[in-house]
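What follows is a set of structures for review.
Presented sequentially are two complexes of chain A, the first with chain B as partner and the second with chain C.
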Partner chain A sequence: MFARKEKLYGFLLVLPSIIAVGIFVYGFIAWSVRVSLSDWVGLTADYTFAGLRNYIELFSDPRFHVDIRNTVIFTVVFVLGALIIGLFLAILLDQRLPGEGFFRGLFLFPMAISFIVTGVVWRWLMNPATSADRLSGYNLLFDSLGLDFLINQWHLTPTYGMAAIAMTAIWQMSGYTMALYLGGLRAVPEELREAARVDGASEFQMYRRIILPLLWPVTLSAVIILGHISLKVFDLIIAVAGKQLPLDVPSIYMWQTTFDGLFYGRGASIGILLLISVAFLIIPYLYYSLRSEGEE
Partner chain B sequence: MSTTSSSLSSSQGRRFQRRYLLLIPLILMTIFYLIPLYVMLVTGFKSFEEVSLQTMWNLPSGIHFDNYIEAFEKLKPHLWNSLIMVIPAAIISSIIGSINGFVLARWRFPGSKLVLPLLLFGMFIPYQSVIIPLAVFMKNIGLAGSIPGLVLVHVIYGIPITTLTFYGYYMTVPKELVEAAKIDGAGLLGTYWNIFIPVSAPAFVVVLIWQFTSAWNDFLFAVILTGNKSWPVTVALQNMAGSQIIAGNVQMAGSLLAALPTLLVYIFLGRYFLRGLMAGSLKG
Partner chain C sequence: MKRRKSLSLQILSIVLVSVFLLAACQPAGGEASEVEVFSWWTGGGEAAGLDAMIEVFKEKNPNIEFVNSAVAGGAGTNARAVLATRLSQNEPPDSWQGHAGQELIGTYVKDEKIEPLNFLYDEEGWLDVMPATLIPLISDGGNIYSVPVNIHRANVIWSNSQILADNGISIPTSMDEWFAAMDALQAAGVTPLSMGEQWTAMHLFETIMLSSLGPDKYNGLWDGSTDWGSSDVTAALEAFTKTLSYTNSDASSLSWQDASQLVVDGSAAFNVMGDWAQGFYQELGLEPNTDYGWAPVPGTGGNFQFLSDSFVLAVGAPDRDAALAWLKVAGSKDGQDAFNPVKGSIPARSDGDVSLYNVYLQSAMDDWASNTVVGSLTHGVVANDSWKSEIDTALGLFLQDQDVGAFQAALVAACASTGPCQ
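Entry: the complex of A and B
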């Protein structure tokens, strides 16, 4: 396509980036694996081979069990919540109501904000006090609206406190799923809807039987993207709850054990386990999306 | 015939009215989305005397700037750190992404088929899996705890997403344009400069906004790779919120200050932000 010399220029232009990604992503992953298989504790690097000991210890570590449970709760509540609310909003906005642009912009604005800001504000809103004289935040609002039964301890609820933090993530990210779904809905040909109406289908039936099945690919992408966010969730929890054991997740454990506790080997093995869990989600997705792109 | 058409129009009329009922759930959702913003604003504008947990939903007695002044004084150096970190990071990332995207879109070299999936995967990795080597490396090259170090990190880990965004955009540039440039004797660089750069503005805006927002909002890299002098605003705000001494109203004012730059970008350039999202190529 271009002359040989030109090709050389092109190659030289991308080479630094390829090297940088090669080192900082793939090289560092390999380096992390090596650390995770070592005994490294303390400030000086120690690569003495320890086999899978760090991994085995993690799986019998009660704190890591809490982390896994919390990640599962967070992921289920967050992904389902963001999907359902996002789809609901997209269907509402698909009705071409007045002010559609305004609502779309409104539901997306939390995405521009950092998880830290979201967490700090929601912590203020999710004041866990439940005694009548100390109510604040949502609990106070529920109380004054006569919705006392909704008063709860939010993220301090035993066992399921993680669900409250997942709700703040839903607030932040459901606009994104709304946008994805709205894009999908707008791609459904109008003739298909008309045909359904002519056949006497109600609007509900039309969505249920014709449109929703068409949105599966959108749901799949959304699950992948939201899922990988929730597996590595970190700053949101730090901002809402700080470092509390009942609300611990792998990324917080990793941070504390590595940079406060200096257990580098264990920290690295948590990082690698996170990578593996994300890879399970991403690699099949990449495989299929690249293959279908190649077919086009 | 006339009866069918009238019944049709009346059913359309019912549908028309029912549609407006849909505004009710929409408005309820609007309230859910706006509550945090309301509390942030209202609390921030209260005077010090007015603040109590029991009156947090009340409107302020007037517009007081005490909280903003105090929050700004506390966060000023860190807002500045964020700004001088984010601007070069966004600009350098975009330039690199544009060059890479162009070369990958227009030229197949041996192994170029492998580059795309490797980049894509690099976009999704949890940074926890590279952060230990990264921290060691930054210390070894003397950039640990510094803002240039953080810029470097955002630029490098931004390569996958910026490259892929430009790649996707440049794939849509018509082949005829490139062929015509070649007939005119333009080389690789000439084609990039004369054909691709002039049409790149939308992609640049999308990538600049994306990198600006994600670098501004980053916490993980910042908390591990910077020291308290070089903390960007996210880390400073988190520390402020974690302290028992600083009142909630100052925290709310600080939150708004920390959110304002990206919110303004979103308000004024939201169209492009949305376009980037809808392209589906950007991760969350």
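Entry: the complex of A and C
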């Protein structure tokens, strides 16, 4: 009797969030799906059923091709860069050197800043002017160090400009990746390291054969977290470059086409495609982590 | 103690909720009549100009209370979202600001949100004082839908007088002269033309289209009588491509101010920008005619490519008479002469008091009264929002690959999907 009452209270307590999430997350996902299947253009809602036309048109839309190219470049550069630098920093900090706390804080600090602030600062640093009288930021630094050959157009580099934006995201998120890896490294039992050393493994072999495989779950979590950030990236690009087609990504296209062009149907389709792409990343992870929890 | 605390929290929340409820229940109308006007003029010369015009309104209508519902945000991006919400709930303000032309017509006329104003134009005699070539550009099916308050000119080329003098160049008046001048400047190591982010490229694009096609064919682009696939358009696009080859390589990282400033800093010889650049130069403390010069974009002399902020009459306006009183002030000589000298634009009426305006604006007023008026694409006159957004995408792709054929095909498709070429 008492237990049942407790359960009822518990249910009543979570009921408001169930309702809110039901309406504001799942309800609106359903509504977006419906809009994405409509012809809606303009300020007044128009739910004329158009089937998958919006989706089909997107896949032959040259702008959407640019978006996909940019998202792939951004994701690959950002995720790999943040993982490699994060792991490297974590291994350095794991050597238990003096001042570890200070450096740990230092590397984590960029994460405390919003993407907008990062973007504005890097916009100044990566000033793409290359003519001698208007150099600024990194280009000016390269010039005064005599490293003229390094002067480049940063995010305005044709085709691969997105990599420069990914760099700013690496700067911001590699400290976070470091923290994840550091936690993982600290969880590796000291006996394993000692056993490896006793068996005559070099430090490199020990990391390569023992520690890195043990860090695999951490890497997986990091890839999921960084990956879904990169699929949804929006604010960082707006802050660095504004709405420029060479640096377009699906989220910017969605925003512009919906609110500037009033193509609500097309905007909703882009949103749904984004949702599906993130789901591809998250659902296997949820499945994996739920299953391992069940085994415990 | 704990209980006390939660009790006081409860009391506090009850007090707060009732305050909000009271605030929400304030009577909207009251006995005295009031007019609610919606705009995005919240800062700088725009807000000061609006205040000056409100003063005129209060003098003429002491019994009507003016409610200034301005929402901050450049070019109305936030204001338009708020307005869209209010319109969908059928709670329109009496009158609101919009770019004159298709941006207003395509969005609000289609959904029957604004009333035609022909009767007001007749009553107030505005047809006699506004340029005849303006009226079709702010009408749809013979109905005029808004009252333009100010006029800006899009087809202006700004130049660094010193650089031109040093290189023995006079301000060009045709595209060929312009290209020759820019070749000479490039050979002398000067950036011939400065450009900024993507919308400034669209601004340059519309002026080159006008220059290359002439006013009749240019106007025809927007009503469907000029074929976007024609060889004339191809030639215009090629001229545009050639013009782009003279621009700075970091264009898309610059705002329009950055790009205009390159000219007065001596880093570039020319810049094509609307005449709000003149207000910007004035803020920098520069002297017209000595520090910078201006002219119509080469090949567009005799044409005034305009854009304008205008006010509309809401269908179902809460107080229609008060709204009409506001529109009468917005279209009056007194109202426009109060607003424009402060904002840095010229009145839509051709009978403004010249002595109130500076030397640039005076020259613009002369041209406004005598030139052929055509509309701007970038600033909402000639194309509805959806069409403009499709052109913007086509232009963005073109800036990357410079493929004239693909650009023209995309423009033809845009006109067919969202323009008049169905």
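Basically, the second predicted complex is superposed on the first by the 292 of 296 C-alpha atoms of A that agree within 3 Å, B and C clash if a C-alpha of one lies under 4 Å from a C-alpha of the other, contacts with A are read in each partner's own complex, and residues count from 1 in each chain.
FYI, a contact is a pair of C-beta atoms (placed from the backbone, for glycine too) under 8 Å apart; a residue touches a chain by one contact, two chains touch by 3 or more.
Only a predicted model underlies this, so the values are computations on that prediction, with no experimental measurement involved.
Enquirer: Where does A:Ser251 make contact in the superposed view: on chain B (first), on chain C (second), on both, or on neither?
Expert: In the superposition, A:Ser251 touches chain B alone.
Enquirer: For A:Thr130, decide between first (touching chain B), second (touching chain C), both and neither.
Expert: A:Thr130 contacts chain C only, not chain B.
Enquirer: Touch test for A:Ser221: chain B only (first), chain C only (second), both, or neither?
Expert: first
Enquirer: What is the contact status of A:Phe259 with respect to chain B (first) and chain C (second): first, second, both, or neither?
Expert: Both chain B and chain C are touched by A:Phe259.
Enquirer: Which partner chains sit in contact with A:Trp122 here, chain B, chain C, both or neither? Use first/second/both/neither.
Expert: The first partner, chain B, only.
Enquirer: Tell me the contact category for A:Gly242 with respect to chain B and chain C: first, second, both or neither.
Expert: Both chain B and chain C are touched by A:Gly242.
Enquirer: By residue count, is chain A touched more by chain B or by chain C?
Expert: Counting residues of chain A touched by each partner, the higher count goes to B.
Enquirer: What residues on chain A does chain C touch that chain B touches too?
Expert: 123, 127, 134, 242, 259
Enquirer: Quick check on the complex: what are the chain A residues that touch chain B?
Expert: Residues 1-3, 6-7, 9-11, 13-14, 17-18, 20-21, 24-29, 31-32, 35, 45, 85, 88-89, 92-93, 95, 97-98, 103-118, 120-125, 127, 134-137, 140-141, 144, 171, 173, 175-176, 179-180, 183, 203, 221, 225-226, 228-229, 231-232, 234-235, 238-239, 242, 250-251, 254-255, 258-259, 264, 267-268, 270-272, 274-275, 278-279, 282-283, 286, 290 of chain A touch chain B in their complex.
Enquirer: Which part of chain C faces chain A closely enough to touch in the complex?
Expert: Listed in rising order, the residues are 77, 81, 84, 87-88, 107-108, 110-111, 191, 197-198, 248-250, 252-253, 267, 385-386, 388-390, 392-393, 396-397, 399-400, 406, 410, 418.
Enquirer: If you look only at chain B, which of its residues touch chain A in the complex?
Expert: Touch list, chain B to chain A: 15, 19-20, 22-23, 25-26, 29-30, 32-36, 39-40, 43, 53-54, 56-57, 96, 99-100, 103-104, 106-107, 109, 115-122, 124-137, 156-157, 159-160, 163, 182, 187-189, 213, 216-220, 223-224, 234, 237-238, 241-242, 248, 251-252, 254-255, 258-259, 262-263, 265-267, 270, 273-274, 277-278, 280, 283-284.
Enquirer: List the residues on chain A that touch chain C in their complex, please.
Expert: 41-44, 62-63, 66, 123, 127-131, 133-134, 153, 155-156, 158, 241-246, 248, 256-257, 259-263
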